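One chain, chain A, appears in both complexes that follow, with chain B as partner in the first and chain C in the second.
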Partner chain A sequence: MFQNRAESLALALPAALFAAVVFIVPVLILLSEGLRLGGDWSLAHYVSFLSTPLNLTVFIRTLKLGALVTVAAAVIGYAAALCIVNLSSRNRGRMVGLIVLPLMISPVARTYAWIVILGRTGIVNQALTSIGLTDAPLRILFSETAIFIGLLQLFLPLMIISLVSALENMPRDAISAARVLGANWLQVFWKVILPLTKEGLVIGGTLVFTGSLTAYITPAILGGSKVLMLETLLYQRVTIANDFASASVIAMILIVMSFSANLLLKRLATARAKR
Partner chain B sequence: MKKILLVSGAALMLVASSAQAQERKLVISVYGFAQDAFKTILYDTFEAKCGCKVVVETGNSVERLAKLEANKENPVIDMAVVATPDALAATRAKLIEPIDVTKLSNYEKLYDIAKDPIGGHMSVGYTFYATSIVYRSDKITINSWNDLFSKELAGHVAFPNVTTNQGPPTLYMIGKAMGKDTPDLKAPIEKVAEHKDDFVTFYVRSSQLTQLMQQEEIWAAPIGRFAWEGFAKMDLPIKWATPKEGQTGGMNVMVLVKGAKNKDLAYQFMDFWLSTEIQTKLAERLIDSPANKEVKLPAAVAENLTYGEDLVKSLDLQPAEAILDNRESWLSQWNAKVGQ
Partner chain C sequence: MTSRFVSSAILTAVITFLIGPFFIIVAASLSAGDTLAFPPRGISLKWVLKVFQIESFQSSFLMSMGLAIFGTLTALAIGTPVSYALARYKLPFGETIRTAVSAPIIVPGIIVGLALLRYLVIPFGFNLTLALFLAHTALVLPYAVRVVSASMNNLRSDIEEAAVLLGCTRFGAFVRTVLPNIRGGILAAFILGFVTSFNQVPVSLFLSGPGVRTLPVDMLAYLETTYDPSVAALSALLAFMSIGIVFLAERFLGFSRYV
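For the complex of A and B:
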């Protein structure tokens, strides 16, 4: 047994060393920048960053947009995934392929497409004015709404793929059994589908939330500097101010937010499963 | 037997000369754009001329300066190109050394503003660009930088974000138009903040602008001349403004890394890049406006570049020192007043 364990550890050692050198050490070096002030360890950079009203506004905006995108992606993702798993295996493969396709296109190109769609002469405004909902084109671009739409489109495929995978692993007859026992569709979703696909939701939610927090190009192009986000601030601190200490504080905040979201989603999933 | 000996000898000579070429290696750090054209026009021809190898590293200025700083004790780059404020930052950090201009045979051919942009011969300009306002001439006329705030243009202007290369020069010219051209840019930033809802966006990439102009989201935007070609190709009446306060712009310079291992090659390469032949070829491909005043261009090419003695003399460039010393404070003011 000991020999097997030692062998396992020895086999894992190269991968662990690689991960440490390539991922963990650089992140630790970066994060340590934010905890140093003139050579001494200090929380001064954190205090200074969090006590600036502008930074707090940006922090709350980033958190809010990340959460909204994740919730919207979960709602749309479940609807899409449920439709997909009910298709024949051939059509299911085709649909998954179509959903994965946008991931192969640069986020820059996808973001630029939204400038056409959401512009004053774009199809959204044309539709709104033609059905009489608005008299004049709305200013949708360069707003939080535009960033929300851009981020949702960017990360929705990740949620759908996670949920499709989770639904495929769910016992096929669970839904039928619940229906036979008299559950309506809402009860089936809440008491059967959601608990049985919680792993997919946690993975998808974490990917969408983390992606939304750390995306730079979409908020920068669809929001401009009228709608600052944490990642925009981070970029500014590095490229303009050459201030790696503040950038490291922002990076740390983003990491903590991502981990917290993961823990929260796991906790919610576990709580539902125990009920 | 004689034939075999001859072939072997030739092969040996080839190996030896290729080994020698490998020893002579110039490492440069440059911007990432138009690298295919740079390779054909500049790198390959220089390699053939010097019998050496040119190793090209690309990236933005921040990455470049960070790398120079990290390898300060044992430099891996011989020469780099950066914007003037970054050259000044590198000078202050003692990352670069003065250029011996007597080793540049093309030095005297340069426009005066390119000869010693940051002082002390710490850099030499190889290209520059004008910054002005591009606008829809059927909708509006622009004669002054103040026109960006006119009622007619409200809701139709894209303004450069302060984090872009065009942001500070635009604010600088607005300050001039207001008669308040202090380096802190306080007055122009406040003016932009007062009118911030009148601007469609504060753009971060000039590539966004052609699309916005095409969709009639905007009628005007301050841009660098390097982005003009995209507008000129549009099937719309678009003009390049000549505001009464003048045009500003920016300059990119060559620097020699302190302790460079291949200084001689670096000098040869810089001189080659500044030559009339190479500057003409790069200009003809609309890559860089020439800093060499002997370059002669056809009108169709010249109108897409910052070209000609009169235009170059009229450029009112923001001093590198003012940019470097104030950019952090500009960013704080901008975020507090415009980004809220």
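For the complex of A and C:
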């Protein structure tokens, strides 16, 4: 450990200054804009934003989809992660590689593929009509369902990876011990696996939840202009209505949610370090 | 036996859900038809070739490449010293500085872009290319600090102390003992930063104008007006590019150790 204060500050200065000028100050000014009316501090923009039914619908939809995607990712993630840790170490590496692979592909490309799959003449509708389940093609695209599917595909890898590493750190004998003592699989999951991998679940859950709240491309492509989420609403308010007050309110909501999720993560990490 | 069957069924389903859409994009881009469809109507390379003829894609590709390369290099140039200071010194306000340089990862990109547009571009007359460069640098900075910090923490500090005791200057000790040891971490940070910046949309959304646009934003705009398979072809090409970069990095660097 070196002690020279001036030297250390000089090393940190360029990045700190950059972050302050390019990022922190502009974002803080943007946030303050929603808290001012004329020259005075006021909550008027927040009140009017949240009392508009459309805005409230979008707000609730964003939270709801974020929660649903997180729960679905957790369920599928546990199933997949439990299968993966049972593989031989060579196959486990390959499988993790396959699961990480989509993260390298542009989200525009990944989301765009769902248009081909879910569209009126897409594979899903072709299959449904040919089996005779529906007469007319279903309208799946431009709905909450489409956004849900797109977000799940986008963020599922993050959940699987956190759960795999949590399961790898879990004492493996715990499961067989519980089995020997007569627990059925459901009991093993609730009483052994879940408590021992809670941290991995929270880390994966935070990544998936904040990712879903702040995604732009997926709702823009799969939700269209009618099924808005907070990010797409922000974009519309600015580009169509020049309404910077609403944009600032939405920005504040998104940042507060994202920060609280990350604070939770940080507290969890420090609690773990103390133990 | 049953559980092995169930296990492979689950994994096959998950992999199909995650990677299947990518194969559909590749197949659709090889279509000889004029609209996006799967299964493709006939096989041809015409949409793949068309991508190279669309002029706006050429300029936005160059823009994205430039931003990803120079933004990431700048983020590393300012991120490596701060990571070093955080690891080796009792840095005053260390935690505050760490939070400040990592914050862009927590704040949604669209907000960074809007804030830059409103408070730097408009009042100070910054041009959009410069604003995009600053936005992409800010976006990559947290990754650079995180990856470089991780490899710095794995490195014992006594070798530099020894170099200093043996008469090296502090800077000389850094260049001769630290830099060679964190080279892999810096390369990993570069690749991660490059891919993140190149694929990024929200941060660049508000910061575009005539002739100034990143490739993914340009693709989104093209999608709004046209329904032909050229975007599918472009997506497939870009995906192969990203996978290729990451594959090579993994092969030669063991990239995943750092991320």
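Things worth noting here:
The working rule: the second predicted complex is superposed on the first by the 217 of 275 C-alpha atoms of A that agree within 3 Å, B and C clash if a C-alpha of one lies under 4 Å from a C-alpha of the other, contacts with A are read in each partner's own complex, and residues count from 1 in each chain.
The rule is simple: contacts are C-beta pairs under 8 Å (C-beta built on N, C-alpha and C of every residue); 3 or more make two chains touch, one makes a residue touch a chain.
What you see is a predicted model, and the numbers here were worked out from it, not measured in a lab.
More residues of chain A are in touch with C than with the other of chain B and chain C. Contact with chain C, but none with chain B, is seen for A:I76 once the two complexes are overlaid on the shared chain. With both structures placed on the common chain, the touch criterion links A:V238 to chain B and to chain C. By the touch criterion defined above, A:I60 reaches neither chain B nor chain C.
By the touch criterion stated above, A:T214 is placed in contact with chain C alone, chain B being left untouched.
Of the two partner chains placed by superposition, only chain B is touched by A:K226; chain C is not. Using the contact criterion defined above for the overlaid structures, shared-chain residue A:I99 touches chain C, although it does not reach chain B.
Of the two partner chains placed around the shared chain by superposition, chain C is the only one that A:I255 touches, whereas chain B remains out of contact.
In the superposition on chain A, contact of A:V47 is made with neither chain B nor chain C. In the superposed model, A:N4 makes contact with chain C only, not with chain B.
Once the two complexes are overlaid on chain A, the chain A residues touched by chain B in the first and by chain C in the second are 112, 115-116, 119, 121-122, 220-221, 235, 238.
On the side of chain A, the complex with chain B involves touching residues 54, 57, 112, 115-116, 119-122, 141-142, 220-221, 224-226, 228, 233, 235-236, 238-243.
The touching residues of chain A, when paired with chain C in their complex, are 1-5, 7-9, 11-12, 14-16, 18-20, 22-27, 29-30, 76, 79-80, 83-84, 86, 95, 98-102, 104-110, 112-117, 119, 121-123, 152-153, 156-157, 160, 210, 214, 216-217, 220-221, 231, 234-235, 238, 244, 247, 251, 254-255, 258-259, 262. Here chain B touches chain A in the complex through residues 60, 62, 65, 89, 161-163, 196, 200-205, 208, 211-212, 215-217, 327-328, 331, 334-336, 338-340, going by the rule given at the top.
Against chain A, in their complex, chain C makes its touches with residues 7-8, 10-11, 14-15, 17-19, 21-22, 24-25, 28, 36-38, 77-79, 81-82, 84-86, 88-92, 97, 100-101, 103-104, 106-112, 114-116, 118-120, 134-135, 137-138, 141, 145, 157, 170, 195, 198-199, 201-202, 205-206, 216, 219-220, 223, 231-232, 235-236, 238-239, 242-243, 246, 256.
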